[in-house]
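Have a look at this one.
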Amino acid sequence: MSNKLPVGILGATGIVGQRFIQMLEHHPWFEVTWVAASDRSEGRPYDEAARWRLKTPIPAKIAAMTVSPAKPKGAPKIIFAALDAGIARELEPQFADAGCAVVSNSSALRMQSDVPLVIPEVNGDHIALIDKQSWRSKSRGYVVTNPNCSAIGLVLALAPLHRAFGLETVMAVTMQAVSGAGYPGVASLDILGNVIPYIAKEEEKMEEETQKLLGTLKGSSIEPAPFAMSAQCNRVAVEDGHTESISIRLKKKATMEEIVGVWNNFRAEPQKLKLPSAPAQPVVYMAAADRPQPRFDVDAGAGMTTSVGRLRKCNVLDWKFTVLSHNTIRGAAGAALLNAELLKAKGYLG
Amino acid sequence: MSNKLPVGILGATGIVGQRFIQMLEHHPWFEVTWVAASDRSEGRPYDEAARWRLKTPIPAKIAAMTVSPAKPKGAPKIIFAALDAGIARELEPQFADAGCAVVSNSSALRMQSDVPLVIPEVNGDHIALIDKQSWRSKSRGYVVTNPNCSAIGLVLALAPLHRAFGLETVMAVTMQAVSGAGYPGVASLDILGNVIPYIAKEEEKMEEETQKLLGTLKGSSIEPAPFAMSAQCNRVAVEDGHTESISIRLKKKATMEEIVGVWNNFRAEPQKLKLPSAPAQPVVYMAAADRPQPRFDVDAGAGMTTSVGRLRKCNVLDWKFTVLSHNTIRGAAGAALLNAELLKAKGYLG
Amino acid sequence: MSNKLPVGILGATGIVGQRFIQMLEHHPWFEVTWVAASDRSEGRPYDEAARWRLKTPIPAKIAAMTVSPAKPKGAPKIIFAALDAGIARELEPQFADAGCAVVSNSSALRMQSDVPLVIPEVNGDHIALIDKQSWRSKSRGYVVTNPNCSAIGLVLALAPLHRAFGLETVMAVTMQAVSGAGYPGVASLDILGNVIPYIAKEEEKMEEETQKLLGTLKGSSIEPAPFAMSAQCNRVAVEDGHTESISIRLKKKATMEEIVGVWNNFRAEPQKLKLPSAPAQPVVYMAAADRPQPRFDVDAGAGMTTSVGRLRKCNVLDWKFTVLSHNTIRGAAGAALLNAELLKAKGYLG
Amino acid sequence: MSNKLPVGILGATGIVGQRFIQMLEHHPWFEVTWVAASDRSEGRPYDEAARWRLKTPIPAKIAAMTVSPAKPKGAPKIIFAALDAGIARELEPQFADAGCAVVSNSSALRMQSDVPLVIPEVNGDHIALIDKQSWRSKSRGYVVTNPNCSAIGLVLALAPLHRAFGLETVMAVTMQAVSGAGYPGVASLDILGNVIPYIAKEEEKMEEETQKLLGTLKGSSIEPAPFAMSAQCNRVAVEDGHTESISIRLKKKATMEEIVGVWNNFRAEPQKLKLPSAPAQPVVYMAAADRPQPRFDVDAGAGMTTSVGRLRKCNVLDWKFTVLSHNTIRGAAGAALLNAELLKAKGYLG
């Protein structure tokens, strides 16, 4: 019998749920033993309930698994949650209350003051907020979240700069892949040969999450990073990979070599702890004039590395550059998985 | 016999040359009597020399026309030029020297101090620079240019704001259509499902042309507009229409209603003169949350109107919004054509 | 007051409903006075209820119209129906029973023995089946249908050949546009950079409808055309326009010139009657080696012309060629509209 | 020092040349020691000369290699050739004449009577033709070719049926990926949102190569398979993977289960010899109604497996089905590589 920790997936049939299943197939620490989804799917074999949209096949063990109701009873103690925000707001607290460690990709509770919003390379110390959660004191359950897919690549690129030079201003324009909208998500008639200059609530999430992620744990809450931040979010006809055009102003002046060095040398707790899903190099600077590009670079570091390129002077702020990050791996399922690995390494998974 | 003015097209077989032919087919003032292209095409019927890429058919008269050598001898006195920059730099002065009015879409001479870079709605007065050109005094010939396809939509959106409130800072991120690169231009293997975060020399052109266009004619030269400007240019899988995410700071504070009003009420000389290619409304603000989009809005005003949308507060500068403009109509052939119409209305075409 | 015939649209908010509204905006004979849709839309202004997906704006009069319930009470006597098959099967008979002329684009009743399936250029005489319908004798109401979007372009190309030379065998492979699946229809994640070799029930419809359309009215029923027919249907990443690779065997041998001549000279009742939506030339043969293509040719004849090209010998049957037809104009709304025009011309619309 | 066989790549900078380099990076038998390309590239480091278009990085050893002139002098004795047909016709004989084993992906010599056109699973015995080549007797050099990318997937699907039941008729309609045209190849303006119903010379190649591949070695030549074959070739907006809609008539009647069984159980010499690039299962039948699809299935068997699906009755012939094959792996570089592996296993590589 496996001595891996049993984990469950809430929202297992959606695009992010599928990525969880794919990434957990050969995981050294965790084993999926429970998949749950909406009423419509409940009681059906997983491979009938899910419209599988990934290139690798459904793991045989999962394919045959019966989809459970989305209720804590019978669920394992570690839950990866990939629910829509509305449902997450209702269900995640139920699972935490029932004693589960809920590692969530949903936006529902991200900005709640006692819920850590975490990128392990950036602000692993925010995990301490768990102990402020009422669920924790009651049942040992808790909720930990990861950021929006548009914020995470950006924050990985910003964090080493913020530490080294101090961020004063950040402007971001995104060109986001359709997989970020789930499945069926964006209609083909809406995006073939088109750009949609609007993603509901995305800009607000990107701005406030960036500031919470780069913020400071002060007592029982997070003090947001004090820099000014503005985001504009667009949808483009790309399958996977959010590309972002960024401009920043730094507090301390830096040379191009210093900035590139800070990126390429950035290593953090996940790399030191050798967490299974941690990329060897979280941020890679590409010297070619026309990179990164989704076609070529989205899978860097098995989808967990943020690629950066085109660093050059900005006439308005100090520097501009391009960021690319895989939105359903590093930006969703992989983000939560790395959070869970950090939690385990720190003794939060029993 | 036609009493229209005979015009010639230099670079007639390329994408912009084709747009010239399309837009001139039923033009009330001008008639294409001469088409010229590279050595390879010379002497062949136009419909064999050109790989026609537009949805309307080649006008029958043009189809049968023999492609002339790209030399002033035998050319009409009005020349629309759609040449690559390298060739333009060599040929355009030859035609001007030979007495032609060269209405150019090329970047070659745009930033030359005595060459007007003109959008008729914005800076028609810059045409006066013509009289500073040595060609003019020698042979009555001259060169007038229009801006890069990424600059023109932006400047049409900025000009009324600059007049009303004063621009202090402009940041632009573009998502540009493939037709902007000509034909064959962008390889399908490079752009299907992809974003390319680089277009050679585009950011520099966009920045310096914007400042020249919004600059002031002082004696024999143009004093560039003094605001700070930064551009980031990306290529996306769109056929026609450049979408741009813009942030600005204004000198004089303005409300959302004032800004929208200034855009929608913007009318200028081409509208007053009722120039044949002038759109009734040069800038249209779209209230829907997710517009403008290339699929739906690129052909607004027969491709001559700039569509603007998503005006909202910016946390860093004052305002952000989205601009869309047709890159081969308003951004190239239509731009030159409107320049020619303005020249005629002002008596510069003999 | 208008002396146009008032018409209603059932299923007015979908993609085909929108095309009806677009095509009827300036129609000389018909005027939309009633739009109906599902319960969800009922009672709301049309422009709120519909997610308008066409490039021309919603006609102002329709935008402000309140969406009616999908019931015969209060509906005009001429109904264009653009309902899903399941709902059409239930509702269309109700409207016919209530005395309406139901001109339907749905597949629900197409193959019913007393329901005419009509392309005016091909089998206008099948309209006589109306008089066999029980609704007709009871209330003067009836149902007339047009074929599936994949069948109609093909049948327009086949009909003149069938008349001139006799069809013995037809093999068709389609590459169909996403708009054929309605809105939201095909998910972008399913079709970007992909081909889907399956469209539910499409092959069966295409085969049986082709044979009914080219069949013969015998007494009170249609005897299907006796040739063998096989179809394979694929979905591709094209917005509008179904492309089809066809092979045929003819009973009577023909030369290439004869076949092209038969296509280009094909004129039928709609052309003779000068029906408002009839294209001047229903079938156009294109001589260029690489045409027809959706990008360039889908809008031929305002979307009502079928383009044919690449006629060449087939090693297995006699001839092979490519057919292109606009799937939401000639293949849906335009098809029904032309049917209604024929009905009016023949005195079936009161 | 490596005891692998040194190999060279002619046409190393193109798309197929790049695939050779990618597939040979960790090859157990072969090692790239020489890369050659056109004059333009000669003398430059490979990573400067090639515009690398694959998702894995250029192997470091190759990146630094100097591009050699495309001449036999100094070349290794095993040459993978990925040249355009015109150049191949001139250069491949020179290399064979100089004693090289030329394993070619070019169409130039495929149909020459003494040149084997080989798919190792299908007609490995045709390799014996090598001994008829004049180069062989002179210098021990020879040329072996693999088929066109549109033919190879089809023939892999047909071969087991032909053996078991006998083919009488084959009709094929292809939907081919843009990578089949090389780089830059298809212009994005030509294919975005479009289908091109024409690929120069492709139908002829597909027809005649299929018959040669399934033909019989009789003395010193190949007797083509006697069935009738007709192909129609289209280009679609897919990056990699040719999808084909096929209809066939068999001599001996077969049930669906028999056909699927014959496909799934098909194993041949490469599988028995465990050639390094041979897929475990050359043909896989997919039961899902909407498969195979390029997005999901193109990389089956590391791109060396042909996926088949949608087997169903044909009203005209006997059966119809869909075939998918990776056009630059199984359809080009992988095809040649498997040929080379077969040659080595059979003692033809010294």
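For reference, chains read A, B, C and D in written order, and residue numbers begin at 1 within each chain.
Here is the rule we use: a contact is a pair of C-beta atoms (placed from the backbone, for glycine too) under 8 Å apart; a residue touches a chain by one contact, two chains touch by 3 or more.
Quick caveat: nothing in here was measured; it's all calculated off a predicted structure.
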(message) Based on mean C-alpha positions, I'd like to know which chain lies farthest from subunit A.
(response) C
(request) Sort out for me whether C-D or A-C is joined by the greater number of C-beta contact pairs. (result) C-D
(message) Based only on mean CA positions, could you tell me how far subunit B sits from subunit C in angstrom?
(response) 41
(request) Would you kindly tell me how far, in whole Å, the mean C-alpha position of subunit C lies from that of subunit A? (result) 47
(message) Please tell me the distance, in whole Å, between the geometric centres of subunit C and subunit D computed from their C-alpha atoms.
(response) 42
(message) If a residue has to touch 2 or more other chains to count, which residues of subunit A qualify?
(response) 190, 192-193, 237-239, 295
(message) Under the stated contact criterion, what part of subunit B meets subunit D in this complex?
(response) 15, 53, 178-179, 183-193, 237-239
(message) Quick check: in the complex, which residue numbers of subunit B touch subunit C?
(response) 55, 192-193, 295-296, 299
(request) In the complex, go through subunit B and note every residue touching subunit A. (result) 169-171, 173, 175, 190, 193-198, 207, 228-230, 232, 234, 236-239, 243, 245, 247, 289-295, 309-310, 314-317, 320, 322
